[in-house]
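Chain IDs A, B, C and D follow the sequence of writing; residue 1 opens each chain.
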Amino acid sequence: MNSFGNHFKVSIFGESHGPMIGITLDGCKPGIPLSVEDFEEDIRRRQPGAKGTTPRVEADQPKIVSGWYKDFTTGAPLTILFENQNTRSGDYDNLQKQPRPGHADWVAMMKFDGFNDPRGGGHFSGRLTLALVAAGVVAKKMIGPVKVTARLTEAGGNTDIEAAIAKAIEEKDSIGGLIECQASPMPVGLGEPFFDSVESVLSHAIFAIPAVKGIEFGSGFSAARMKGSEHNDRIISADGKTATNHAGGINGGITNGNDLIFRIAIKPTSSISKPQQTLNTENRKVEELVIEGRHDTCIALRAPVVVEAVTAIVLAGFPQLSRE
Amino acid sequence: MNSFGNHFKVSIFGESHGPMIGITLDGCKPGIPLSVEDFEEDIRRRQPGAKGTTPRVEADQPKIVSGWYKDFTTGAPLTILFENQNTRSGDYDNLQKQPRPGHADWVAMMKFDGFNDPRGGGHFSGRLTLALVAAGVVAKKMIGPVKVTARLTEAGGNTDIEAAIAKAIEEKDSIGGLIECQASPMPVGLGEPFFDSVESVLSHAIFAIPAVKGIEFGSGFSAARMKGSEHNDRIISADGKTATNHAGGINGGITNGNDLIFRIAIKPTSSISKPQQTLNTENRKVEELVIEGRHDTCIALRAPVVVEAVTAIVLAGFPQLSRE
Amino acid sequence: MNSFGNHFKVSIFGESHGPMIGITLDGCKPGIPLSVEDFEEDIRRRQPGAKGTTPRVEADQPKIVSGWYKDFTTGAPLTILFENQNTRSGDYDNLQKQPRPGHADWVAMMKFDGFNDPRGGGHFSGRLTLALVAAGVVAKKMIGPVKVTARLTEAGGNTDIEAAIAKAIEEKDSIGGLIECQASPMPVGLGEPFFDSVESVLSHAIFAIPAVKGIEFGSGFSAARMKGSEHNDRIISADGKTATNHAGGINGGITNGNDLIFRIAIKPTSSISKPQQTLNTENRKVEELVIEGRHDTCIALRAPVVVEAVTAIVLAGFPQLSRE
Amino acid sequence: MNSFGNHFKVSIFGESHGPMIGITLDGCKPGIPLSVEDFEEDIRRRQPGAKGTTPRVEADQPKIVSGWYKDFTTGAPLTILFENQNTRSGDYDNLQKQPRPGHADWVAMMKFDGFNDPRGGGHFSGRLTLALVAAGVVAKKMIGPVKVTARLTEAGGNTDIEAAIAKAIEEKDSIGGLIECQASPMPVGLGEPFFDSVESVLSHAIFAIPAVKGIEFGSGFSAARMKGSEHNDRIISADGKTATNHAGGINGGITNGNDLIFRIAIKPTSSISKPQQTLNTENRKVEELVIEGRHDTCIALRAPVVVEAVTAIVLAGFPQLSRE
């Protein structure tokens, strides 16, 4: 459902145009120093403002309302709230009769029998990734020496990302992107042989991020085109270090002490300014749809910090990492 | 850990060279007609024998020991056992001091403090996918009209798969492969907005299959290079059918009624006949390793039925599909 | 941890003297009519004010911040917040060095390495049962025709409850009580044979209520002193109705269609005005403790509505009850 | 469903008259010395043979088929099987049309749409507690210094238990009993404030044992009749030891380092030789039922070792106890 994890659990709630969004973190280690300022950098990295991001800017001020006392985590559930302020619900009125192609509008209506909050995508909005980023700030503190770094390596198939964005804006279109994420130094032995392999739990959480459509570990899809003699990482020292890292730091579902490396595919933002043809659910005809409102040309620009957050949340769920 | 699912739960156990492997299915609908013969076809599809697969052939006779009465499921936990007969443990003796590159040997030793069963990969063995296939047979019956089909589309980067295998055998090497899986017809509304998106739960389970290193839904990694105007699937009829299916049948984590489509990358078998250089954990030197024993040139050849099984297990976990 | 349930999940957070407490309900059916007024009666039943209850009175105004749109549940996670206003933290200052006997003060300090919020019991406070009551209001709506009723049958061993309270107040002491809870009409077939028997899941949730120390179903502890010929409930009609209900509506962990009946024991409030001898953790001597602050003479007076709420939450977790 | 636990998970399967019953333990610490002989004593304690127990005697030889190598646990799922040999299914034929009062016959039929295995109670049989006892043997080893002891303190309301049994046999009736269980020495800090209080998880698991109808911790139901000044346990030393133990070793859901103490009520065996009046589901009339077959006069005689096993399974689920 809308929670994830076992030893360290996050539960997310809220809608794009409701009064607030929030997240509860259960299983935080007590005694982690935490201040409101600690959230600033990661929240800023997720914020729009750069070229190719939506002009909707929010204050995004976290409010920690539980599990926090005298600037430390207490060990009890820690809840962080963000008020929604800069909402313009009127922009979305026509979407109820003409669901946006590529967006969750139509499935939300069907799944929730028409009772879903349609304003700004409601609960399906990318706005909720702000809550994930906040949880990630705490999770990053829990996993101590392990650093998680994600970066956009390509947008719209182009490594000159600024040029790709400029072109897409000109075309009133949107573009997707590739993100690479790395965690280091990694302990040996995280993960379980079958259903809770490290790839299993990471991919489970990463696909919770809106717009993610693929994930690969180490050489990933390239591995399918490789020979064993190329792909096998030779162990070269007693601590398990390997000469290459085609496995992305995972063998048999278990971390092997080498860097954890994975890449994810972000699809192009589904809301585009360009007119589209799609079903009008009232008259059941395919008609032109023009999407008003503010949206991102390339949502992938704002996603790396979300990927880092989710990765840190997953890693904080391994007691070997977060409890010792 | 070694179980998966909520409403329909599978728990796997066993080792490659122990007395038996098995799987328990909890949450089976009562009254599903089931006979031992029902398992034959899928078990046969997973068996070696073809060029490029290991010469280790087992009888693979399923023994249903609980949850089954008078040829119907009872609704109680259903356990299926398979005896291990054709084991040659001697083949693996040298692996304890020289863990195979690309294999779980080393992490298994580290994770389980040296108490792991090392024979044939122990619990990490691909042999356990037989239990998944058996569970898949029951799951396929539970999801009724929905048919799941997976096929190998490419091996070693080559769509002439037989040629690719022949070349790899000649080179004493191994190769990876690509598998495409499809489920159809799909109901609308499976999945949850965030952490239990359909992509989340499917990828979680699929990465439990040994050797899987990547997964993509619909256009997947290609989507990262597409424009929104190309990727967005226009809705063209009131039941949600779309003109294209770049989304792979999933929007916002929820099935949209179009075919579910995903592809996975299988890495090359890590056990190869070709000599390799890797650490000897006793003298801590990098030395040549020659792997004896029987192994697959292209494990991806035997994997499609495993992918189908795991997909059916995931789908059977949605009450909308399996209970009505 | 601090969440409960599978299909219908509640996650609780907050501290007695923090800014607010709250609860998130995941898995609400969409389309349940819900207004702020719906919470009034149950919240009032939990409030102090009567003789024998604490003079701390709060406004207890629920604020629904997600999962709710145009007076209906949306199907997305529904979060309800309550601000804490009438807090007097000064009252509790001496408890950090002299933990109250019978209270969670000492274990909270130990479990959370001294980082727990000690004000008013922090996260362990009975204040959080307000959030359970709010969740219960929604759960009661989900389980439709099934009505849950709990009542105090005895306080301090006395069925004249007012007299028992008056005596305890006079003695500056506190007293416990017995609560009986009933749910009717019950469907047949809720629960699972072993670990998720109806008794298992109900007792799991009921023991989350502070001060509960015992639970019995049907004849319960009396059954241990009965003969089979007395205890066995004869089935007298084709719908499973029985002549007696010693089983409390449950056989083999599964509801049998008769009324669900259980009783719980509430211990006396641990905070009493009477001086007590207990450890001073600073000088490690046993010394007199006088507890200041406002507290309940008989917390059991306010507990029946909490028991109803938790019971409704558990019942709403059975898809047979809440989804059809 | 039929599994329990998070860090240490048990999954039970099998039917009274099927080929075998079994249990899988996931999350065992690797390196626990374990031999088949280790199971003997606890299995013997559960076996019938004494006055008041059923004459059905089984060999009850455990077969460890996974997760076990060279007499140590490996860390992989450990499965233990027991063959059913001494079955007489004919004894139960008339129960399908005339479900036994107090037994699960009727609910099993209803829940599983008539597809349940009715022989000997099928999956609902007390026979499955043998698997719990076997899991308990491993769990007891995991929790190291903590010893769990349960004993029958009363049968049919009589502390002279032999006399009580003799009388019940003479009357062709059955009787219930009281069991007290203690665990010691206990660490401080097990359990969670709300839904995973120690009472919550213990009661959840204990109510999986067939015939349990009540549980109380410490003073339990007596606490409802006590004053706070009597019930509060004064802390008398810096390690948390208290002068009395009315709390049964638990405050606020968390262990306080004093002995864990609880009592459970076992109802009288529902199968009795004495004729009973109950519904015939074929002609829908209330008719006399005479139960053939072998059964226990007082199942509580055989239950203490099952209670110990389940308690050890619960305690082994706390990482503080089983991992360090």
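Side notes on the structure shown:
As a convention for this text, contacts are C-beta pairs under 8 Å (C-beta built on N, C-alpha and C of every residue); 3 or more make two chains touch, one makes a residue touch a chain.
What you see is a predicted model, and the numbers here were worked out from it, not measured in a lab.
Contact count check for B-C and A-C (C-beta pairs in contact): higher for A-C. For chain B, the chain whose average C-alpha position is most distant is C. Centre-to-centre separation between chain C and chain D, using Cα means, comes to 26 Å. Computed from the mean C-alpha positions, the centre of chain B lies at a distance of 45 Å from the centre of chain C. Between chain A and chain C, the centres computed from C-alpha atoms are 37 Å apart.
Annotation for chain D: residues 1-3, 12, 76, 111, 123, 193 touch two or more other chains. Interface of chain B with chain C (complex): residues 6-7, 76, 193, 319. Contact residues on chain A toward chain B in their complex (touch as defined above): 1-4, 12, 99-104, 106-108, 110-111, 123-124, 128, 154, 156-157, 168, 171, 173-178, 188-189, 192-197, 199-201, 203-205, 207-208, 210, 212-238, 240, 242, 246-248, 251-256, 265-272, 274, 276-279, 281, 284, 286, 300. Those residues of chain D whose C-beta lies close enough to touch chain B in the complex are 1-3, 9, 11-15, 18-22, 24, 26-27, 30-31, 63, 65-67, 69, 72-79, 81, 111-117, 122-123.
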